[in-house]
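The structure under discussion is supplied below as structure tokens; questions concerning it will follow.
Letters A, B and C mark the chains as written, and numbering starts fresh at 1 in each.
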């Protein structure tokens, strides 16, 4: 244990599978922007995992799998030895400046396309083009549904709520590559599958407007209205992403199990609209089952892969691949705020996928040809097909 | 990776445990018949996993763990190289004919007794004797409860519903080895434990009959009547199987967690009737817990073992064996339609069990004598005891 | 497989991490006493796992992971060869006498502090000091909430119920190191987060007293009163333990998922009172998530580690460490009745932790310095901090 290699240890040798996986350009089908300001330690820790901030009981949030991963994997990209202490790491980060750090870390990811959710921390995070510019990648916008409703109710009130939402989402669909719902954060995923009537939407909008008039914040947390947005999005035909499972304490994870979406998935099957279940941990086996029985369901374990450490990422990916058809699995980082999260997410994804494929081929269970084909599906081809990216053809590499 | 062995790679060497496990005759305590017609690719894929059929988004259902397993494990049995493409595989299959294919694949399983659920796709699948004849094995019938009620309501109406059901199930109990309920597909497993009164059964039967008279199909989905059937079966003293967990999209997996059965398991303890929880994935750790705290509960991970790939099967079996008493674990394939599923299920079961026992003995945690004893329990002795098969004595081998 | 080492095989060589972990004194933050009488085989099996007793279907409860672990790990401590049969083991146990057996097994654990739940089988188990005396360790009492209410209602009735409970718990807080709730066994963990009003408590106490007057046992199973006890404990500022997940058939595991506690955890955040989620299996990934997003939540996988075998313990610990901050993870045995359970729990914990740390350091993901620091946190430093043990300083070792 006296020394460590000073570059990213994605693979142990000159193995063909590791080289193949390392060279794959990735489509990150769900992420956010990064912050451009210099971060002190509390601010950095607040963005590191799903805890809001470090507290008095647990000590530093660097003492987590993702904290250790940052120190191991990102430090060398900033010319530091692996496992460097948090304070040294943050000093070097400040010295280089946020833009240089973001550029180095994002370029190391090998991501060729970013699908960026623009509905969270909008004032603080880089926009899609700004993010992609760090690496010369392509960027696409994923439009959140709930903020649209919140703008409409604030600007117009309840009177023409349904029509105005429909019109704004139709506008959004002309520039966005997909929609996203954070129903899990607002009302949970136990949603009745029926499309609400316009009368029901009107009633709910009136109630919401009156709550806002009485001083409540314009935060959408009404099940009828959330379902209205979902069905409006489905009508517009874009892929629809759902936050599922792991997230911060604002969500109630007990209501974030993807199995709760079963009735809605049944109701939306056969409409030509893919549904993307994001994150899914610790319910990723449930999500994989849904992807098997519903052809229009796609799944990932982004966010988890970056948070659970290298060993955990291998386990989680393998569990997802138990039931999920190989044509249904997507890659994402869910990187948000810190460029470190994109780097950790991609390295741990590539390492986990390599380990998986090496085990399968070494045992003779999979042929190398199949292993490479599945790697390409997950790394990007599935996303290119589901989101109809570019000409539909995968980029040459 | 240049070449593969052309026979089934159950084990890597001449290891004693692998040889012992490979030689064990298996009691498949839950399966279905196979189809005798030649299958084109869509028809084959429709039977391959729990997706109804391939759809426009995910590509071929051969791109699943079970699809890869068929190409790897079954191709050599049909004189093809491993990993052969789906079309070549299906051509060779058609060339040999369904009966020759079934005979080869089923003989390779080493199954000595089949317990066959005859209540599904009855017109299309071989019956128990027909299935067993392929390999010279013994066959037993498992009688589904719900179709009996559906026949009674269709033929007799609600008038003597309870008595007629009781009488028909009593008749069935004279030839069947066990009963099975698909409550999970009809009303979910969150069943009140109480035996419904005859008055409640009558009321429910009248309602059901009137729905049928109004044009509804005679499909039982009434909780009271499902519970009535379960209690009638318990009274008759045969082992009772429950579909639990993983299945197709007709079931709602959120209502298929075996923990939902806890009150019913508590109510049926001490009656001398074993309850078999089938499949259980992804809730197999929950099922294992139930098997520990309820002596009359038996568990398997059939269906999962055939679907999750070789690596997944090892993981799932190991997770089941965390809490399940070794005397409570059963083997099944849940093979249905395709003889390939029996072959994949048995090879992956034997490989997973071998890997588990080799790890335990290599680490010195288990003695080889205990390892062999547990292998025999799971492979067949537990089923022979629970189902009172033959003289109760395990066959010599 | 011809011979086994006759001492505990915690590690395979002279590895630094294994030696470091083996030498760590452990704070067992949740356990019970042991029985002092000689146990025959049925009595021993009744204490071995969470089954009440062996039954007619599964055979001996020695045929479980924990049964095999006892035969492997405890036999050598009693001068027997590993894997000795149950009857031989129990004969030797009787020959040595319960006290000698307890002393040998408990000394082998390396536990330096016991936090003992005194509210279960009080007449049959050793008290904290008696337990600690076997090994010269320190003992602390963990006071159960529910028995206090049961004493108050029996002795005083409903009249001054709330005030008397408050006063008795305040008394208990002067000698106990923590409180514990078995809400999971009584009303489930789906608890509304609000503190009940004194009027609501009075009404519930009157109803309970009248049920007792009508012949019901004085067993607390009223949600309002359980919540009253929890809030009273929180007011007193001691750490509060919750039974979560795995336990015996008295609990309904479906209502023991820690995610059900989310609203209560949100309501108790920021009050300076740590909440300890005990056991958690098979929901330990859920618990780890809660520990990440709530700074005052601590987690363990005690009870599971002793029950799931060596391989299972490694898996369960690794799954817990996916999301749980390293500053939130505690060690416990949940040993109860049999000193064997303390020994199995500690050996399997040390082995699992060693394996985890060796894998991380061997892959270069963690530095050896970090590995040792995390080991110390989990083994005892987190508990010393959370329970404010002694001077807060870890013992030298």
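In this text, contacts are C-beta pairs under 8 Å (C-beta built on N, C-alpha and C of every residue); 3 or more make two chains touch, one makes a residue touch a chain.
In UniProt terms the chains read A, B, C = Amidohydrolase.
Bear in mind the structure is a predicted one, so any value in this text is a computation, not a measurement.
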Copy-to-copy rotation (chain A on chain C, CA atoms, range 0 to 180, rounded to a multiple of 5 degrees) logged as 120
Validating interface symmetry: for the copies chain B and chain C, is the fraction of residue numbers used by both over half? Same or different. different
Counting only Cα atoms for the centres, state how far chain B is from chain C in Å. 37
Which residues does chain C have that touch at least 2 chains other than itself? none
Residues of chain C that touch chain A when the two form their complex: 257, 259-260, 262-263, 266, 272, 274, 285-286, 289, 291-296, 298, 318-319, 321-323, 325-328, 356, 359-361, 363-370, 374, 377, 385-386
Residue ranges of chain B in contact with chain A within the complex: 1, 4-5, 9, 49-52, 54-61, 63-65, 68-69, 72, 82-83, 246, 248-249, 252-254, 281-282, 304, 307-312, 315-316
